[in-house]
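The structure under discussion is supplied below as structure tokens; questions concerning it will follow.
Chain naming follows the written order as A, B, C and D, and within any one chain the residues start at number 1.
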Amino acid sequence: MRLSQKSVAALFAAVTIAGTGGTIVSAKDQNLTGAGSTFIKNLFDACIPEYNDVSGDTVSYGGGGSGAGRTAFINGTADFAATEAVFGSAEKPPADFTYVPLIAGPVAIAYKNSNLTGTLQLSPVTIAKIFAGQINTWNHPEIAAENPSITLPSNNIVVVYRADSSGTSTVFAQYLTATAASVWTKAPSGTFANAMPAGAPPGSIAAPGSDGVANKVASTEGSITYVELSFQKENLGDGVKAASVKNAAGAYVAPSPISAAAAVAALPAGNVDQNTGWIRPDFATAVPNAYPITALAMGIARKTYSAKNDSVRDFFNYILNTCAKAQAPTLGYAALTGNTLKFAQGRAAGISQLGNPALTTVKRNQTLPGASLLNAAGLSGVPTLRVTKGGNVCRVVNKTNIGGTRAGTCDVRVTVGTTNVTLKVTVTK
Amino acid sequence: MAVAVEQREVVTKKPRVDKVLHGVVTSGALASLVILGSIAGFLLYRGFEIFSDMGFGFITGSTWEGAGAEGEVTKYGIAPMLVGSLVLSLIAVAVALPLSVGTALFVEFYAPPGLRRVLVSVLDLAAAIPSVIYGLWGLFVLRPLAIGWAKSLNEYLGWFPLFRVDATFFDGSPFIGGLVLAVMISPIITSVSREVFSQTPPELVDGARALGGERWSAIRHIVLPFGRSGVIGGAMLGLGRALGETVAIYLVVSIVFKINLQMLFTGSGNIASMIALKFGEASPYEVKALLASGFVLFIVTLIVNLIATAIVNGSVRKASK
Amino acid sequence: MSSESPLEGTAVTASGVGSAMREVETGRDSRNLLPSGASGLETIGAHAWFGKHLAIEDVSLRFPKSSVTGLIGPSGCGKSTFLRLLNRMHEFIPGSAFAGQVLLDGRDIYAPEVNATEIRLKVGMVFQKPNPFPSMSIADNVLAGLRLARIKVSDKNMLLEDCLVRAGLWKEVKDRLKASAGSLSGGQQQRLCIARALAVKPEVLLMDEPCSALDPGSTLRVEETIVQLSESMTIIIVTHNMQQAARVSDYCAFFLSEGGPGRVVEAGLTSTIFTNPVDSRTADYVQGRFG
Amino acid sequence: MTAVTTQPSAVRPLQPWKLTTAQRFSRFATVIAVVAVAALLVLVSPLAGLAGIALVAIPLQVAVSVARSGRHGSVAARNDVATSLIGSAFLILMAPWLSILYTVVRRGYEAISWNFLTDDMRVTAPDAELGTGGIAHAIVGTGVMVLVATAVSVPLGILSGVYITEIRGRFTKLVRFIVQAMSGVPSIVAGLFIYSTLVIYNKSYSGFAGALALAVLMIPTVARTAEEVLKLVPEELRFAGYALGSTQASNVFRIVLPTVRSGLVTSAILGVARVAGETAPLLMTAQIFLATKGNPFDGPLASLPIVTFSFFQNGADNAVTRAWGTSMVLLVLISLLFALARAVSADRRRSRR
């Protein structure tokens, strides 16, 4: 099996990159609570039992939507969160948080119309007009223009959208803002009703959760919605199809794990925030076979060292390196690959590093390398070290290392550029 | 006559155990008082905070925007949900009341005694079916049927203002939500009505029948007038429950922040389901607004419940006389 | 038994300000016949109010030991209220008030230092309707007072039998002492309540129309019980049944309200009250001309 | 004196007021015929489904009643019309309840297995094969939360009831008013209250928080029923106790409360049945946890309604079947509680006799 070879290879990669926190080290019996994105929930639903099985931890993921996840993470009620929308200006996350890209996936334009044979092709502007209520019949000339080979029925279009706040809604609204600004005049919002230019079109239906909108479409003739591909696939039997969407290269591309992977593989460097780890999706991808409405789900975790955060790192690594690769194709996601995966692994390695005793402990009369401290502080670059407390316990050696003089603890300030982190260093006998 | 007999002050000396009893019981009662009172107080406090920020617009506004960040425009107004709560509950009561009264009469006066005992148990059980099950049943079973009924109503009776719609979209309407709520609250209304009917003094019923009345005459002239206030009280209790229902509405109704008075037309919602929808990602300031909404809901339900209790108590008092 | 009483004809008097005061045959205030500090129950100028309403006014009566006194009079004349003054049950009614004195063995039971609970142990009560405790068995009902008042008794079984025998119920229930009290007939229940009252060994037993809810057969049994009990304790019984008063009581007090507060019109030997009353209203009442 | 003796066997008990078998049959046949005609009409009309049949059958039955009873006069006709309408109301209302039971069982029975009751979902995906995994975590979680909620609310509720009926202190009216007012608090508000105080403060969902939210909902119920039941204790029983020299404490604990014990137990069970299915408040306070655990203070805790909800949100066929299966378990649990309550109160009635 090629797949398993790949995952074994990824496992090794993870171990080398992430060092001590690469894969599950041992059973730790941690109870982790996660909340957030419903976009990633189907993947988590499949991966969490596997991870629980191999790790001995118990991860529970409550879903609730990206916004709920970010809020829960801020409130401390969730140990980790997952989101497709970045922290807003009003949100005050803890200072030591990091994003970890976990999975990519297409947001399908799912519709149900029994009289419509073939696959619908839609451009961003048409999609925007449909969801803004400006196009409200299936045989509207603008739809017809894009689908010359299909006979279009004349019934009304019923727009179905998320009633709850959702990262999927944010991504979809961002996509419409980015690609059809003339129609989609309102700023993106997790609450889709607030992002619709003229409010919700008459007859549109709001439903909670991805399963909610998918169920509504499955049971409503002439309806259309935006939803994770996996939910569209689950309702394929009820006649819920996914439209092909025109990308910036001018090609109509159907949503699939492969077309989503193509979109993520070619992400411009400018979309990646090295500081926080956030990756913006590229809605204007010019790759011919890339599906343009491809969302990236980010994990959110804390960098402060704790047994729980260790488990979060292990869980994220398990998703990145093992589970996503095995599950993504069947569930309709695209596992991260290449540089994106490497970047994600690097971010995951940064979880649970701040103040990690494995990196900040030194024996008396021995030297603690500055690189370890840099790692423990979650920083990169050339550090300046300074002992701020406990000068008789440890001292700076060669400007780059710390030497232990007697048993005890001391505070070391690690400065890179303008940022600094103070670490507690333990000296043992 | 006795001249100015002085009343003695009778000192009822309490034994120590009684003092302990008084202490324990009073503190227990006060503890529940504090727990329950603190909810009301907490809601009230938060409510006023938001009311003073939003003004009357909190009741009359139709938008819910912003998280209360510095320099951000924050607008919270619950008018659509408030109106929705009332519309949904009124539909529910309008549908459930006649059916429940009929069922109560059937159980009390028509069903054979063996069946009656079973039915009384069924009623109790139906009242305790969790709302999540009502909601899922409504979503999967009732909704498809109700959409069909709504279509027919509109098609054949669309001239009647109540059944008018601007566009022919029927899913997630107040009508459907109201029907689910009707199924949900009918056990309560039926139970209360049956209870009151069963307290009709038998000699009155016998009297009516001895005068040559059929069963229905006795019901019409004796039982219904006697139990009227009990039935109204039961309906109010049902109304109270319908007002506060969360999950069933969350699942069945298309929750839209827009006042919709066309009962067959898509879109409605109530305060409780709105809270469920929004609390997860609410910023601390937004949570206060949700608590304020909860306060409004609390006051509305409180009024309904107090009226209901007064009416039911009144009728029971009348019955026991 | 009345003829054998050492205090014959002199024990009970009624004296009241403004009421027809009647000195008994001896012409002296009968209260002084009892030696000071002697055992017995006595009221001096008792008044009782419910809120502003004066229910009984200026009742002075003396109840000697080992006698049965019947309180008779039409409904609403304050007999029951007076009865409840005697064991401090009156104060349970909100807004009630009291004036005068109630002396038990010469001690004022309304004195501030007196514990009402203690008084109720000494002055037992049987109510109009039989009220056994439904949650308890027959045996538990009899012994309920001990548990309620936390009295320790060495031989419970003997006390149980003794009480039931004295209440005239032992033969009927000895085989089902563990059965629920609810399974007894009305008359049996009332005798059970008497047995229950006896278990705490009261000096005085108050009975508030104990037979009004019973059939004639049960009434007879209860009356027999009362007569037997009177050998060992003071019994005060409120009754509407003239024949019953005549049958069981040694002394009688006739209460009357006449629109105002209830007062004692006349009191004395039962035989006197029934055959030769001083007051015409008493004569009218005992002969059934009103009431 | 001559006595006419009749042979006992010669007299047969009769119930001439009852309908004869023929009459019963004819009534029954009429109803069947009416429904059949209605069904036929529905087939050829734009109406559809059971609702359509009911829509036609009810007026038809009314018409038949009028026609049949008409010859006995208008009173009889009105009586028969009323009977038809009342019977129809009953049938219409029974339909959804039966449908709910049918739906839950029909869609959920496949999920039920021994494993389903004893295993949890810690290492099983929601859409995994039926027969693997289970809802033990939810059963235990609901049990724990309901127990804690009962432990908190029942004593407090009973003490409130005792305060109102026995102590009658100066807060009586206030206690009664607040209890009455709070019995109308929507469950979501109770959940939001616990969320915005305890959960946010502790920075953690917990079974305890969930239990408190349930307790908030239970206290008024228990207090109100306790008050009602305690009011039923005849005043004479209390006086009888006092007349035996009892203190108020002994009176309350040895006479009043034991007298209504089964009533109090019933009210507690009914309170539990009410809150066991609460969804919204638990979503805000206890959330979900995939492993079976009994400690209410250690983070989130699963419950039957939340697990039902969560299975539905997965959307996959097996997950949805599991959701209905969980609903079924919840329904059975609540039915058992009701049966228990009924048995307890039947016991009470027997002991009263």
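To be clear about the criterion, contacts are C-beta pairs under 8 Å (C-beta built on N, C-alpha and C of every residue); 3 or more make two chains touch, one makes a residue touch a chain.
On a predicted model such as this, the values are computed, not experimentally measured, just so you know.
Undergrad: Which chains, if any, touch chain B and chain D both?
TA: A, C
Undergrad: Which chains sit in contact with both members of the pair chain A and chain D?
TA: Of all the chains present, those in contact with both chain A and chain D are B.
Undergrad: Using the touch rule stated at the top, which two chains are linked by the largest number of C-beta contacts?
TA: Here the largest contact count links B-D.
Undergrad: Averaging over Cα atoms per chain, report the distance between chain B and chain C in Å.
TA: Distance between chain centres: 54 Å.
Undergrad: Need the CA-centroid distance for the pair chain A / chain C, whole Å please.
TA: Measuring from centre to centre gives 88 Å for this pair.
Undergrad: Report the inter-chain centroid distance for chain A and chain B in whole angstrom, where each centroid is the mean of the CA atoms.
TA: Result: the chain centres lie 42 Å from each other.
Undergrad: Residues of chain A that contact two or more other chains, please.
TA: Residues 35, 215 of chain A each touch two or more of the other chains.
Undergrad: Among all residues of chain B, which ones touch two or more of the remaining chains?
TA: Residue numbers touching two or more other chains: 15, 250.
Undergrad: Touching two or more other chains, which residues of chain D qualify?
TA: 247, 250, 312
Undergrad: For this structure, enumerate the chain pairs that meet the touch criterion.
TA: Listed in label order, the chain pairs in contact are A-B, A-D, B-C, B-D, C-D.
Undergrad: Within the complex, which stretch of chain D touches chain A?
TA: Touch residues, chain D against chain A: 121-128, 133, 199-200, 203-205, 287-291, 298-300, 302, 310, 312-317, 319.
Undergrad: Give every residue of chain D touching chain C within the complex, in rising order.
TA: Going through chain D, the ones touching chain C are 234, 236-237, 239-247, 250-251, 254-255, 258-259, 261, 351-353.
Undergrad: Could you list, by residue number, the parts of chain C that touch chain B in their complex?
TA: For this pair, the touching residues of chain C are 17-18, 45, 47, 49, 57-58, 88, 91, 97-100, 110, 112-117.
Undergrad: Name, in rising order, each residue of chain A that touches chain B in their complex.
TA: Residue list for chain A touching chain B: 35, 64-72, 88-91, 156, 158, 163-165, 190-191, 193-194, 199-200, 202-208, 212, 215-216, 219-220.
Undergrad: Which of the residues in chain B come into contact with chain C in the complex?
TA: Those in contact with chain C are residues 1-3, 5-8, 10-13, 15.
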